[in-house]
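Would you mind keeping the following structure in view while I ask a few things?
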Amino acid sequence: MPHKPADVRVYGIVFVALLLLLALTVATAEHDLGRWNFGVAAVIAAVKAFLIALYFMHVRDSTPLIKLVVAAGLLWLCILFSLSLADYWTRAWL
Amino acid sequence: MPSPSTAGAVSNRTPKRDYLSAGYTVRSWLLTTDHKRIAILYLLSITLFFVIGGLAATVVRLDLMTPQADLVETETFNKLFTAHGVIMVFFFLIPSIPAVLGNFIVPLMLGARDLAFPRLNLLSWYVYVLGGLFTVYALLAGGVDTGWTFYAPYSSTYSNTYVMATAVGIFITGFSSILTGLNFIVTIHKMRAPGLTWFRLPLFIWSIYATSIIMVLGTPVLAISLFLVGMERLLGIGIFDPRLGGDPILFQHLFWFYSHPAVYIMILPSMGVVSEIIPCFCRKRPFGYSFIGFSSFAIAVFSFLVWGHHLFVSGQSIYAGMVFSILSYLVAIPSAVKVFNWTASLHKGSISFETPMLYALGFVGLFTMGGLTGLFVAALAVDVHVHDTYFIVAHFHYIMVGGAVMGYLGGIHFWWPKMTGRLYPEGWARFSAILIFVGFNLTFFPQYILGYLGMPRRYHVYPEEFQVLNVMSSAGASILGLGYFFPLTYLIWSLMYGKIASPNPWRAAGLEWQTTSPPPTDNFAETPVVVDEAYDYQHIDGVSPAGGAT
Amino acid sequence: MRIETAPRAPSPLAHHFDDIQQQHEAGELGMWLFLCTEIMFFGGLFLAYTIYRTQDEAAFAAASHELDLFWGTVNTAVLLTSSLTMALAAHAAESFQRKQLLALLAATMVLGCVFIGIKGMEYHHKYIHGLMPLMGLPFEWHGASSGHAEMFFDLYFLMTGVHALHMLIGLGVLLALLVKANRGGLQGDFAAPVRITGLYWHFVDIVWVFLFPLLYLIGAR
Amino acid sequence: MIDDGFRLLPEQASTHAPRVDLLYFFLLGLAVFFTVLIAALIIYFSIKYRSSNRRVDRTPGSGHALVLEIAWMVIPFLISMTIFGWGATLYFSAFRPPAGAMEVRVVAKQWMWKFQHPNGRREINTLHAPLGQPVKLTMISEDVIHSLFVPAFRVKRDVLPGSYATCWFEATRTGKFHLFCAEYCGTNHSRMTGCVVVMEPAEYEAWLGGGLANESPAVAGKRLFEELRCASCHMPEADPVRGPPLQNVYGHEVILKGGPTVTADENYLRESILRPGAKIVQGYEPIMPSFDGQVDEEQLIQLISYIKSLATP
């Protein structure tokens, strides 16, 4: 969809934010946060992915249909994960 | 809505501008981007694969007439049933209705000039052929013996047959499937004629749309599972290798995440075809249009939630087994909705029994039986007993052959006049339809009994007490084979000698019948504007009150 | 075949679409659907990763610490920068800035190549140190338990390998765009290919954004 | 002897079999009912509303009926939930061996079944079992996936490489019954068959005593335990205590490093021998070497049997 001319400044801000998040995730990895290391890294990665998708890929300005397609992709990924892991995480129960 | 019901033998012949006469060179076919020509290319190639897969099945059934291995070597037998499965599933059933009938009919039904991405469409066919060549190479070079399911670690480590070439072939063909599905989704969203709202769409479009969702979201997972098997064989990356702590069940999860929904790739388009045929030969709007439509979506979504029912005895957690069992029963509901609605559509119709209708009614019956035995195999304790036996073989053949192939043949007959401009010989066609129905039941019904008795599938030698039922099944298969041979013959015959078809020989609703038979390259002289609901048969029959379609 | 009799100026509109907006929306929707298939394709790999990591977190952490965090971080920055140049390239194409378009496409490609180069260097390093359990190469692991450490490196090479393959495909497409842009194409209404390639490129970037912490940042370093 | 006459149903030879069959008959009745219903409706409508019949009322209805649609969604849903509950209950009991079941170890390989009885007696492709006594099979494969299937018992379970699978049965009839491999496992898959011989308990005891001098898996495991010098770390008298003592480990909760707990079952013990680093017991260091490649499947079973014998149930 031809969206409105992208704002170059927004790209710049998003890019700086991405680099800061990268620095943050590397910095936290230097510290032992126990089981939180993974959680923090995952959250930061998700935020970065969202920034790229929303601004670089223009999901923010896209039609509802495109948003639906993105949501469907993520939903199906969740299906794959949740039902597979439902097996792995309950296997030793019997 | 204009409904040209007079047999237009003359009007159709004069302007030689239909898609078939747009060019006669091989080049004009191989470089075409016309969805109709691509459909014909698919038709030819999947028929070729159907014949190869059918021949493999013939030898398998012949060999199983006796309990001992006396026709072919066991290794050959294993390669034959693998070839049958791989070819029929990936190279015939999955592309059958979407790539042939879908390609041909979807743009016509939408009032569009072509699919959204015509060159991508042609590419899909080439990709399909390339994948087919790899698989054919594997078969000629020596075959593959893993079964179409490629379970690790047998496929990844132990089999020393042509697993790699076959896996590459299927991997490549997967792209064809993805691109076709993608093309349909975009086309259905973006290329509908003015006035053609979602609830005016023919039900065939709904089902093709649902199918495309599965193709787009499921196929990549098959790709990754075969890719991992390939990497294990090629590079020794042991994702499924128990010696590295790898889990063979993970392969099954990934494989069935696609391969269960794949069953719906095969059956949903057939349901769509049946939803076109029944209203036409009942001369009325289908009962519960929106319920049939939405149940297609429900099936597409639920189909992704149930794959673990293939793993009830695999070592999957029994709690996960229960989750998958309960979810599997969800699929029963939209399936039941469809069957009941089709049946109710007959009520107060004006029913005639041309060949497409015979196939459609046969479909409803056989799909009902296949679907009801689905309740057996989703019931955990019963599945433990029948898993990997002939009960399963019978169950999925009722769905895939009794369902999908019957729908495919019904659709081919229904749209044959549109595709070729010729009528097929009705008598022969009715005869073969009945032959196929009888032969099919004789082939596969005994296999239910065989399965519950405990005969495992993929057995070359088997205990003697199973022989009677096996012989019955093989006898039925010969009738079935004959039934398939007839259409192959008379349809080719009709290309030259069949009666010239009018634009709308069935006086059917739907935009595809408003253009000439065969349609011109650009499909419509001018973009049609839709003002009526789908299946407006009262209107059509009101215009020409002949009553009945004959 | 459609035969055109009258010569016509190159139009961005293909014959089977009604208007340019319909065509653009179709192209964009098509690419997003394709990206959904990519999500599922990588999803299978991420699932395998999740399952094996939860089975032996310690082995994964120990194996992860053999990776070079410095170069991994540099590579992430390189790829994020290439995403920026790609986004700017699409902007340049839409606003008829041919020179910027060429420069930005070239920059994206250079950054992509740098990424691949660094990746290759890391691979070579693993090869030297016997941490490349491929094709029967020796796996010289001295940590506590071997099974899942080898599994980690299997997954490392699979996931980064598949990712790098996607990069290479992207670079090929970018090269084609560069040639086309050099001939004066891809401007204004013709810019759709740049935008659509951009979607792909950003997606590949997103995959790396997840791969980086999953492979390089397990446990405390 | 195996009954090789023509039949429509397999023999019922376990406590589980008639229960599965009951559900099967229920499903069969349901399937027949709906098939007949649909077929009858199709035929009835086809005749009544054939196009040549002009005397029938064809006044169009509304084209849909919400009540009808809801009915044929809700009724199949309720029926299928009944089937689910029924099937799940049976499934649960089929895969949950009763306490005190006699344990037979099964090792599958291309293309044979190897069985070992509790007293150590081994046999190939034939499994002798006592009548009226629960028998638990603990199974593992040396190569690809196999599946143990005894139709007369309605029992089937995949036999995996790399982890133990279990199933159980209690035979209710003496005689000889088919045993199949149900998961395709390569060229001679269809020849990987055998039989289960169910005997009167006394006869079975006599049969067990026959054959060569046997050594029970637990006794063999104790010998192996000593040969591999496991005791130097794993016995309470070991000094210094470098590995967790193994008395009363099997079947009990083990606290792992960092807090999570795990129940020490066969698969846990197996993993700890082959990949000791995966689950470190709290308070110990990951210093144990892997025994992967040093012990084969049968020796692993022996070691595990020995560790099991050290635990009070």
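Before moving on, here are some points about what is shown:
As written, the chain order gives the labels A, B, C and D, with residue 1 at the start of each chain.
Heads up, the rule we're going with is that a contact is a pair of C-beta atoms (placed from the backbone, for glycine too) under 8 Å apart; a residue touches a chain by one contact, two chains touch by 3 or more.
These figures come from a predicted structure and were not determined experimentally.
Among the chains in view, B has its Cα centre nearest the centre of the complete protein Cα set.
In terms of C-beta pairs in contact, C-D outnumbers the other of C-D and A-D. One finds 44 Å separating the Cα centroids of chain C and chain D. With centres defined as mean CA coordinates, chain D is found 41 Å away from chain A.
Averaging C-alpha coordinates per chain places the centre of chain B 35 Å away from that of chain C. In chain B, the residues that touch at least two other chains are 189, 217, 221, 245-247, 249-250, 253, 315, 318.
Residue positions of chain A touching 2 or more other chains, listed in rising order: 65, 72-73, 76, 80, 84, 88-89, 94.
Contact with two or more other chains is made by residues 95, 275, 278, 292 of chain D. Because contacts link each chain to all the remaining chains, their graph is best described as complete.
Those residues of chain B that touch chain D in the shared complex are 74-75, 78, 145-147, 149, 151, 153-154, 157-159, 242-243, 245-249, 282-285, 287-291, 312-315, 318, 321-322, 325-326, 329, 332-333, 336-337, 339-341, 343-344, 346-353, 361, 364-365, 368-369, 372-373, 375-376, 378-385, 387-389, 449, 452-454, 456-465, 468, 538, 547-550. Interface of chain B with chain A (complex): residues 189, 213, 217, 221, 249-250, 253, 257, 304-305, 307-308, 311, 315-320, 323-324. Note for the complex: chain D touches chain A at residues 95-96, 262-263, 265, 267-268. Those residues of chain A that touch chain D in the complex are listed here as 92, 94.
Interface residues of chain A, counted against chain C in their complex, comprise 1-2, 5-6, 8, 11-12, 15, 18-19, 22, 25-26, 29-33, 37-38, 41-42, 44-45, 48-49, 52-53, 55-57, 62-63, 65-66, 69-70, 72-74, 76-77, 80-81, 84-85, 88-89.
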